[in-house]
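We call the chains A, B, C and D, going by the order they appear; numbering starts again at 1 in every chain.
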């Protein structure tokens, strides 16, 4: 039972209390409702992969806690090799599903961050958070759960700390601490991927906090359907294509094996049992906790983006063929797409390799390289999209084709099919064009720019970790300077 | 009556035969149907502007045929100043409507191309096309019509000429020539903007043809609702937001005063009266005709794109404020957006100024500069979009917010509004975020990349017009070379 | 005598007092000394052009003061057409000389700025500077002089105003005002192009000054060899190639008809006669004076850079041929070079056309467009250089070839010639490679980045002139917002 | 004696036969002649480093042949860790010397390529090349030699193979095979770095050859001063600053501890003893041999370029300070420089880690990632240079300052020093400006673009290794296509 099948996974979702809403309605069954079924399919693909010969080595590993085979998404990164496997898995998952399976990667990384953080807290404060986390994790591994990571708070006024906000709920907080160590929490986590496909949520502070923000310094794991949790899914570019997919052949929604959801999770005085609490006021550790998250997340996201680029590259080349053009015509552009993909992939690999171990046994990626990668991730995939649209032509650029319903209309459908044909028949060409649209300006576009933090935030870390003083020393010595060149006093 | 009001314009549309379809259904009234009303509103804004003090100088001019005041969109470009006015008008229109009003610019430019082409044909062949066009134009001016331009053929196999296609209909063609000079035409024009908002269509060949393609060398103007014309609108990213707009306050569709449509126009043996035929077999002139179109179109499209960028820039800065950040934080990015906008605008101005007159009195833009501009238009607005998303943050990047329906939900709507608030209330912030989404990855994104031809096509012209031989001569002379440096024989 | 010949021009230089130094030595004759003769040749080329049929229309115009034919470099810009002619002339001059002829363009533009500024001062203050300038200009036209523009002060501590500097000489200043209206000035102007080739200097403040800086607010024209002026030429990358040019055939210095010099001009208590003083304390007008300079300078510099790019493009294509490769192999790169060239050229044209008249009759270029162009000028030619090196291959990239002396060595010269041969003989190929080196990393590289001010300064103007408030209003209206979105209070 | 000191190294150079020429003259002592002493100093710095505590771990390793401590530059890459050490060493060496020490890296990498290639040849052909190489290498390690790598042939007509050239010498070739297995070779290797600083040359074919090119398929190691070898050094941008360096303080040559040389090596019927021959006609292995070279070379060159960027970054920030500006003003640009540096560094790391072992025990880097890195290396450092010049201001951009001689001139030297001062004194500021000049447009600019092969060649490999077919399959499956989308037949 440690490695569920897709059907067992879906069964686990159906067994949960319905608490996901969209368009003012409660979704009774996330595995079949059009707004959530595609993301569930994407996540289910992972459960399938862990039973496939070709994928087992990537998708599963051995628990260092129990020695049992487990989903890699429930493992602790303990070596560069673990991080390389993370990158390989992320790239492959995007290739298989054509999209983000956010209900796994953020939760996994958050859990890994807490693995190191709880060790730090216990080491300094004599608490037992780390042991709690290990117990919970062992159980999670045995249940083979899917867990979304919930970091982003609404934040309110971005120039103010949590305790300074007019409304203290703008960041998730402890409203009550109970004798048994359990907590009551209130607030929200917003724009969270893959929530509908998740069994549990791993919740941690979205930022580094100060002493006055102790009540906001809270981390825990909780079932997605716990009492008091209300989830509202965000509206997407093409909700209607999902909702109204007229039949299995309806290619207006070209990809049926994956989909993105992003949720607003409302915590209305939610009770968190003590054994699931991993931080409760220890504000000092919030800074490192974020760093522990950012390192592996920003390293491996480059692989996710590379997988995305692989699919765009293939789709663009297919479209060229469908238009009657040899893909060689576009060699330069296809090369540039490959260069973009390999750059975000490679930088993640480098960040992993140049990392170092944490006393807990966790592996910490190199913070400079992972933040450099985040900056690339906020630009290169956008260039790749532009190149895909450039190669694919006008019909794909904005998905400029009539609907599937029109395509099969009795009166004029045949003519549309005729006129959409080129080197292949009209339907095949339209299907590929819809895929390019979906990947570049449709429902398949993930939030790379700000997902896992903004590029401007990453640049702040680039500045911090890139040793400008050391570089000035190099120049100073090379130029044979004898006098010091001090920092000028600030211009008033 | 030469300058219609918005209401008169809408009335003229309502008076037409319904022949526009979407989702398998005939649209009875394009001015009120959710799929077409927004583009009609955008076009109506132009009719309003021509009566506004502030805009009259831009939107109207004097007919050189009749001396009457007319819509600038029905005038002939006869000087650099006319082209500058074109650029100013295009930029302003995008600013006013937030989007493309494609039912005017392409038709206008096509008519101008035919103005020069018909002069050329008559001059060499002794025909009377030019006079026909003048008569039709005078009438069009007096009726103050809106006309879409229809150039793009389905094309079929892109490596073959029209007469080589397996199906001769893949490019619009003459199937019958009648004694009275009228024609019967068959085929399609595809991905045509603003058709639903147009009274007439200006149709011309989408490419340069050879002798064997004489039957495909056909140009004319025709009412959009002529017998035999069937129109099917393309599906868009957010059809449902238009279709399902729950109320006037529903900001999931943030812009109500403009919208894009792109149509497939099917010509099923359509009869074209002789007086509306402007080319009928004169294949020799198709090459210049395309050049006459490309020059002003690719010059002025930079202004359109600049207007688009102005709005994105403003929206991004507003969003920064809404997030609680002074726009100064983003000065570099806002500067880059301005640089992009002014570059496509300025290059269009330069192309106009460096042009030259055609014997017909038409003004021909500089082909090198206008094609350079097309290349910029295929890249810079995409960078501008990325910058807008970068500044605006995660909530705007993919429009990551619940629907308006959820926003007003009784159970949890209030909480959503609370958590979306920052420096401004939740609704205001969400409205701005929806605008950024709409402009950068939503229904407001026009097809800049391939609209008016692909960037690769433009690069072909850049090569042709950029005088590489002359530049080699310069280098040859500067280096003081005496011997010739010939072109190497082609590698086998 | 209003249009000198090259020989008359050189004669006028020889007639001047020697006051130019390099390498610790006084240059007796700037027309023959290896450190200055090449720049003199470049400037002489302009005197030749004004007598050539092909170039007369570009290089000469009619004085609006006297109606006589004059060098365009001594004219006032009074219309967009004058500015277009400026751009055409700048581009052509770079094409003819392969390099910067800085002794003309900056002086000319400074004189034009002072034309408007003196009008402003007189208009408000009742002075007679404008008349003085007109008198001086008429005389300058009749003598057909070459004049360098001197704006850049040493500046000292860049965070302090002139009057705040520890040493008041760090910006050129009035040290004495005499009864007859004449002045004594002290200080320096640094990094000034083409001084050795100039008859006179047009001197003006390099920045906008405040009231306390009145003594630094000084402008005048003065013979380059006036008493008290000492000039020291800057060292260049390849001084030795100029100095040691072993014979006329020595192609280590590939271009003999042009060259760059940049001088430090030391003003050691120099006397300026009253009739040559154009500003003496009127600090209020320094800001506009700079704007009057920046407008046309940053517009037209794009044409200069385009000419530079034309030559690099030709040289790279020649080198491809010399290597045995058809230039078609590099079409994409050659196109990009053309796009870069036309962009800086076109933006200057646009800035000119979108300008407006000054009450004095001067034509003021559009400040937004000219500053956008400055930003392009600080990036695009560098990309063009990289492309030239990319196309030309390793031998040209760093000029990686033995010296001409080795090339003609008795022992091994023949072997070097043999091994450097490809599709053309070794000498021809080496000459072209040296030209690419010279243009991209040698003595032919002008200071585009900071010449005429830094790109960061230009961006400040882009911000100032690009109407962000207006763009926010557009977005505000399109989104249908009712409430105001105020600027957040500054984060402390 | 296995780890020489700098003095022992220089002694070994002085003991060699003088055969290096420049400016028509034979250089008697490369360690003291101004044209070669700086590169010798750079290489000597490495010999110093291997004795420094701080650097020993980077610069030395253990011979897998003898177990003795050796210079890392004489080791075999046998693991990813060896390649990481290579990258670290390359970056550090550039930091220490401010420039390229090309006499070590190319020779080292060539020797590693031959390590694998000789194994392949022996394995298939029963030869004993690998054993020869091991013996030679053991000896080289014990002598602690410096060896330059010589790959680039003159090539002649680039569209023809070696045997098709009009002159067969255009690629280095075997002109005689002797009974004892020794060879006589003729031809040249051109543009070779660090030759004057090298004890030996490692020579191998510069390209992949076919059967008819067997006589050109030759590899060997040979003393740099062997009979018949004549070396001519290439001319550089600032030979005169090296040659005429007026005193140790003369900062016109700002860096005295390193320098670049590039030589033309003429092989005039040179005899190569059998035990130094590593390939003699086995054309089949030339393709893989090049790949074995390209892999590690293009991976690690990114580290070299990163070190170059580190120094430029430090120099630019120092210059900002010297100008009186806090480096924070340039945070964005300094960040971009860091991002460029870390990208080429990181991609090399990734290429190493994603590699795989060769049966010989050599480690083969990932060819896709190393070629992607080569493309970055041909662009990013150029952007870094532009940023350095942008930050540093006009005085540094083109090194726009008078010579050191003028700087110390009795008459005006003091004034120059005064006027060059800003936040620091004039000399310090000038020294830093000269360093920026030297690094960005002076003698310190290495040939990154084409060194180790051209970016266009690298793109060919990107295309080859980036699995476009696999990506099309992904897209095909995601779009649910049933029919095949074949490659269109080539347009005639």
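As a convention for this text, a contact is a pair of C-beta atoms (placed from the backbone, for glycine too) under 8 Å apart; a residue touches a chain by one contact, two chains touch by 3 or more.
It should be emphasised that the depicted structure is a prediction, and the values quoted were computed from it without experimental measurement.
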Interface residue overlap between copies chain B and chain C, same or different (over half shared): same
A-C or A-D - the one linked by more C-beta pairs in contact: A-D
Separation of chain A from chain C, taking each centre as the mean of its C-alpha atoms, in whole Å: 52
Inter-chain centre distance, chain A versus chain D - centres from mean C-alpha coordinates, in Å: 40
Junction residues of chain B - those touching two or more other chains: 159, 324-325, 332, 423, 488, 491
Residue numbers on chain C that touch chain A, as the complex places them: 159, 332, 488, 491
In the complex with chain D, residue positions of chain A that touch it: 80, 84, 95, 98, 251, 254-257, 310-311, 313-315, 317-318, 321-322, 324-327, 331-332, 334-335, 338-339, 342-343, 345-347, 349-351, 353-354, 368-369, 372-373, 375-376, 423-425, 428, 431-432, 434-435, 459, 462-463, 466, 468, 470-476, 478-481, 483, 485-488, 490-491
Interface residues, chain B side, partner chain A - complex: 21-24, 152, 154-160, 167, 169-170, 188, 190-191, 230, 232-240, 243-244, 252, 262, 264, 266, 268, 323-325, 378-379, 382, 386, 389-390, 393-395, 397-403, 405-406, 409, 411-412, 415-416, 418-423, 441-442, 445-447, 449-451, 454-456
